[in-house]
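Paired with subunit B in one complex and with subunit C in the other, subunit A is shared by the two complexes that follow.
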Partner chain A sequence: MDADSDVALDILITNVVCVFRTRCHLNLRKIALEGANVIYKRDVGKVLMKLRKPRITATIWSSGKVICTGATSEEEAKFGARRLARSLQKLGFQVIFTDFKVVNVLAVCNMPFEIRLPEFTKSNRPHASYEPELHPAVCYRIKTLRATLQIFSTGSITVTGPNVKAVASAVEQIYPFVFASRK
Partner chain B sequence: MPGGRVCAACGCAEIEVDAARGDAVCTGCGSVLEDNIIVSEVQFVENSGGGGAGRSARAPGRGLQGSAGKTPTLGGGFHANLGKESRAQTLQNGKRQIHHLGNQLQLNQHCLDTAFNFFKMAVSKHLTRGRKMTHVIAACLYLVCRTEGTPHMLLDLSDLLQVNVYVLGKTFLLLARELCINAPAIDPCLYIPRFAHMLEFGDKNHEVSMTALRLLQRMKRDWMHTGRRPSGLCGAALLVAARMHDFRRTVKEVIRVVKVCESTLRKRLTEFEDTPTSQLTIDEFMKIDLEEECDPPSFTAGQKKLKIQQLEKALSKKLEDFEGEISSYQDEIEIELENSRPKAKGVFANFTKDDSIEDTTPGFPREEEADEELEAAANHLNKDFYNELHEKDGGEKREVGEYKNGNEALVRPPALESLLGPLPTAASLGITESIKECISTNYREPGENTGDGELDLSGIDDSEIDRYILNETEAQIKAELWMKENADYLKEQKEKEARIAKEKELGIYKEHKPKKSAKKREPIQASTAGEAIEKMLEQKKISSKINYNVLRDLNSKGSNTPKKEDDSTDDSTNTKKLSRRKSIASRNIANPVNSVGKRLRPLISTQLAKKAATEEVTFPNAQAEASDVEKTAAVLVESGPVAYNPDEEVEEEEIEEDDDHCMSALQLMGGNGELGC
Partner chain C sequence: YAQQQLVCEACGCVLAEGLLTTTYTDEGQLREVSYSQSTGQREQQSRCLQRGIRRVQDLCKVLQLPAVFEETAVSYFRRALQLPAFHLVSLEKKELLGGCCVFVTCRQHNWPLTMGTVCSLLYAKQELFAGVFQSLQQELGLSVPALSLADLVKTHLGSFRLLQRGADVPAPFAEDKEKLVARTLQVVELASETWLVTGRHPVPIVTAAAFLAWQSLQPPGRLSCTLGRFCKLAGVDLPPPAYLRLKELLEILLRMASQLAWLRVFRLDKKTVVKHVGELLQHRVFLLKKAFCEQGEEEEEEEKEQGAAAPGEGSAGCLPAGQTEQEQEQEQGCSSRGKRRGEAARRPLLPPCLTKPRKRLRTAAPSASDSALGGDDPISDSEIEQYLRGAEEIRALQQLKAW
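On to the complex of A and B.
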């Protein structure tokens, strides 16, 4: 039963955040002046560079650390990161692409039924926390996977985790609980 | 009970009462007769309501508590407690704030006490670090409200404190999680009486409340309340209830009481309108309860969207289908025209099985060729290859193309379809392209990982990246634009630099370095525990009532004198507990006695928790009363050989004052010691 429903459920990855290092000091001013698609935030000391092909936004610091957000899959994230490094290379910096790591993955999933949130919170006490005054969803944390799920009463679930696998297994884990509290 | 008139030990009538410390000490023998004297004075203390309350009996401030003084209650209400432990101060401060806030919320004493307990737990788990005290206090109070079920909202607390509700909420959630306290979910029904009271329904208050409650329950069953702020629902229910009982309450009035936005209230009302219950008349509503339950409004909205999307999809599908049909007719015609190979059917048969492209039926050369071509397709990225395929056995491919829907990845047919047919095949072409990319990325990956960070350029289109780099004129324009945009910030920076330069000239430039959190003290280098303690006390200077210089001198003579530390040594039979203000006194006693050669009872000081303020002094007897010394040495916590130099002591003797009393005391002791030994 669970396996069937997993197949039926489609988990849409909406955002993948990754980091990498260029191992060289970057002159933000130069990037800002010569890049065509950059925003220079001098007060915080970073440059935002947006790529079109894999639609990603990268935050570049002068230390050489780069954070890349907006990709829709892990492969795309890596691809975009490499493109970015390539464009930095073209600008004249001695860029070395190291320490690539996917830091966060955000996915959305829809259950075919509604969920009773107060009931769900009661039966999942330590993990689930629900404050209707603050946020309309139940926040369920899975410590072992380091994943957080936001469960809405309409049955839509937003999952964030360190990688795509964790996200998938988090959804699998939560399914029986959510099914128990369905409308 | 010598209320200070005659000392029990020595019979001396000269008793000194120190009001500040609350002690009564005999000036003859130095024994403490009374501790914690209750002073009958009237003291005005401000209570949490801001009013004053007179306290008629108090224990004077225990400013000299040592680390043993964990009880913060003594002398509470004072501000001028010196030397009180930080922890005690924090708790006291917290308690005061809790009472202050709690009274504003009209919480009863039990709630306030529970809140204080939560606060104590939070402090012990270091949850107050890095957070504003007020936030933590508010969170504790709200936790109590939740567990007790009082009709207080987080919004109320944030109103009182003028703090963002979400910030408070974050602190509250953290506190609940850390303390493992499960706050029961909030029920909007709890708020009804409170809001009803505020809306002033007069006599009919109760009836209106009941109606509103029923409405709320109905809303719950209709799934309107999940994920919504309880106050919004309450507002809507009360508004309708009021109207039902002929009370003219406008939306604005309700909003002011309930603290939600007008649009929220309207939305709730509209949602309720959508439920079938809204169609009932007032009487009917009171009597009947509809059985069916509704879906939550956001769900229905979502469903509507889905339906529209599905409709659109269906429409576009139909279009595609038609086009597909046309193209398939085309194909069939062409096939029948060109079809000459009977064995082609075999190909069909093979393809109707799932993904049997790999299966090679013996004696079917076409299949093998297909295999080769397939592999070649997998390896090459070149589009021209498709043209080659097309040129070859076009007929066969087309046939196979019809079965494209049955087959999955790595299939040639879709590629050909794209060259032949219109729209639908373009999609399949797109698929194959991305599939190719996936395959090639797989090949790329291992190569990159094994490299030492060198950038793998395959797949990166350099020309496209070149477009990302501006040429000179563009760069100039951009620089100008940026300067204009960030003019303010740049101005600020310039001013700051100018200011710094000026200050430097004048020589008053202060480097504002980030504050170092703690004073870094040098680690104390000492050979004995006693020395270490002495040095530490020198640095710290805990109490103002001890003459450290004198103590230091004493210590330099070579004996250990713990001033305020817990010296939990066992009482040996030789000990006699002395309390002294100035430990010098006892020191001096030793001297003449020593010189006289009397047998001294070594005095070991023990600090008892109850006699916190009393100071006791150790000075082991260095004279070779072997057994005694060894015994006491064994008992002493602070070991350390002590050299007791009688000569130096004699010198000191002259300097010191208080001789007479001390003399007599020690003489007494000497006498008693023999007895008490």
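On to the complex of A and C.
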């Protein structure tokens, strides 16, 4: 196995978080009463609404800010967000779907080899931080991409970044370093 | 030349000339420089800083650290407290900050101090300590080297009552410190070579290794002693993961023992293998190579076995289109790997969580309908209706709530 030869790695996107604004005040009590699949958290001042297709959970605040989590792609996140906005429109609110933005993407990738974490940390300071007493994985931050990778000794890598492209670039960047510290 | 003085009717206090004025400009000219504008406050330390420095010094005394460590920790504390990230936090976090500074100093000087020890001294929650530690690293840009397991073994064993002369310990259980430290270091090295140390808390591994080493030095009187009793005799806390680490170490040792011809006859189990730990550690490099193999090597082995088992089949004839010989044999290898795990056959040296996975690995691919969703696709009304309650349902709910 050579670090330069083409390796097909499956990057599985497990979660996409997006936000949007409705540009109007939302009556949470009305949403809780007239919406289905809704949980009203009065103490915190928000409503949780779950959609079946796509499988996402939306957190709705009375200010009109909505956060959607659980999508497995950026397109799915946008579709889910729009569907939610339409539901709120149907409930009688003057919703305008604006300021949509994907804020976080979480993906998982499995390397075909195990990784020696102490060796990897030593050769990748200061980007890599490994505290076995706190967490079993090495935390590697790529500032340019604003991405964080958690590298486990089994070869599994969890990547979080602002979008899918950043996540893919992060995996590409980390591969030669983990390959050098493979078992 | 008499001056007009003002006298308080209640206490008889005489107001000096010029202290009461009628205009702001008079105030400005006559008043003294306020304390906050003077350099006096800057030179003086705030109470918070003084308390923090005292805490750092006390911590260094309790841990019996050299004076250099104390100076470094105090300088880190001073620098950190000036930053808004630490100045404007709760008192609880400020108390932890002192502990973090001591911890970082010890790690930088390769002094084996664990987070668990510092947290127990400060009566702090480890999650909070971890947060403050990571912020300190980030804000001050400190480089914290890894904890050296060898140094931790020496320090941890140094606190064992079993190894202290004059301690009230039964004769069969007392042990020489040098011998125990040497053997424990070997067991810990074996653990780190077999993926038992990576990603795990260090103290339970050291405790389990020390117990195993102690038992193996004089097996006759000690095999009946449990890990819990050993920790009580040693005067240390028993960390819960130590049982699991001990079990994993014994499994590795049993595998290694199966490769030694004169031990195979004995049919060793988890108790009896302890008697032979010395021999196994002596030949550990060779035994590990024999007992375990690289993942690629096992696939080659499987290939050879498959080839030997069915020489007449011929790989070319039974291959489905587009699949190579190696892939097919790898698949067969994977399916038979599980069956052969229980036997004495060589298995790959993997982290324990891979050999005994607790949960199924994520292999579900997204369904065709889900993947076809586009962000700007039109949404029909009927799709939205399912997320809204009907009028009857709303009425019923309101009645229920009213009731």
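Everything below uses one rule, namely that the second predicted complex is superposed on the first by the 176 of 183 C-alpha atoms of A that agree within 3 Å, B and C clash if a C-alpha of one lies under 4 Å from a C-alpha of the other, contacts with A are read in each partner's own complex, and residues count from 1 in each chain.
We take it that contacts are C-beta pairs under 8 Å (C-beta built on N, C-alpha and C of every residue); 3 or more make two chains touch, one makes a residue touch a chain.
All values reported here derive from a predicted model rather than from experimental measurement.
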item	value
Partners on subunit A (subunit B, subunit C) - clash or fit	clash
First (subunit B), second (subunit C), both or neither touched by A:35	both
Partner chain(s) touched by A:98 [first = subunit B, second = subunit C, both, neither]	first
First, second, both or neither for A:23, with subunit B first and subunit C second	first
Contacts of A:118 with subunit B and subunit C, given as first, second, both or neither	both
Partner chain in contact with A:130 - subunit B first, subunit C second, else both or neither	both
Partner chain(s) touched by A:54 [first = subunit B, second = subunit C, both, neither]	second
Touching partner for A:86 - first (subunit B), second (subunit C), both, neither	both
Partner chain in contact with A:75 - subunit B first, subunit C second, else both or neither	both
First, second, both or neither for A:43, with subunit B first and subunit C second	first
Superposed model, subunit C segment overlapping subunit B, candidates 134-142, 260-268, 296-304 or 314-322	134-142
Residues on subunit A lying within both footprints (that of subunit B and that of subunit C)	33-37, 51, 53, 75, 79, 82-83, 86-87, 90-91, 114, 116-118, 121-122, 125-126, 129-134, 136-137, 152-154
Parts of subunit C lying in touch with subunit A, wherever the complex brings them together	114-116, 126, 130, 133-134, 137, 141, 143, 146-147, 195, 197-202, 295, 350-351, 353-354, 361-362, 366, 370-371, 373-377, 379, 381, 383-389, 394, 397-398
Residue ranges of subunit A in contact with subunit C within the complex	12, 14, 33-37, 49, 51-54, 72-79, 82-83, 86-87, 90-91, 108, 110, 113-114, 116-118, 121-122, 125-126, 129-134, 136-137, 152-154
In the complex, subunit A residues that touch subunit B	23, 32-37, 40, 42-43, 51, 53, 75, 79, 82-83, 85-87, 89-91, 95-98, 114, 116-118, 121-122, 125-126, 129-134, 136-137, 152-156, 183
Contact footprint of subunit A on subunit B as seen in their complex	153-155, 165-166, 169, 172-173, 176-177, 180, 182, 185-186, 223, 226-231, 295-296, 298-299, 302, 438, 441, 453-457, 459-460, 462, 464-470, 474-475, 478-479, 482, 486, 489
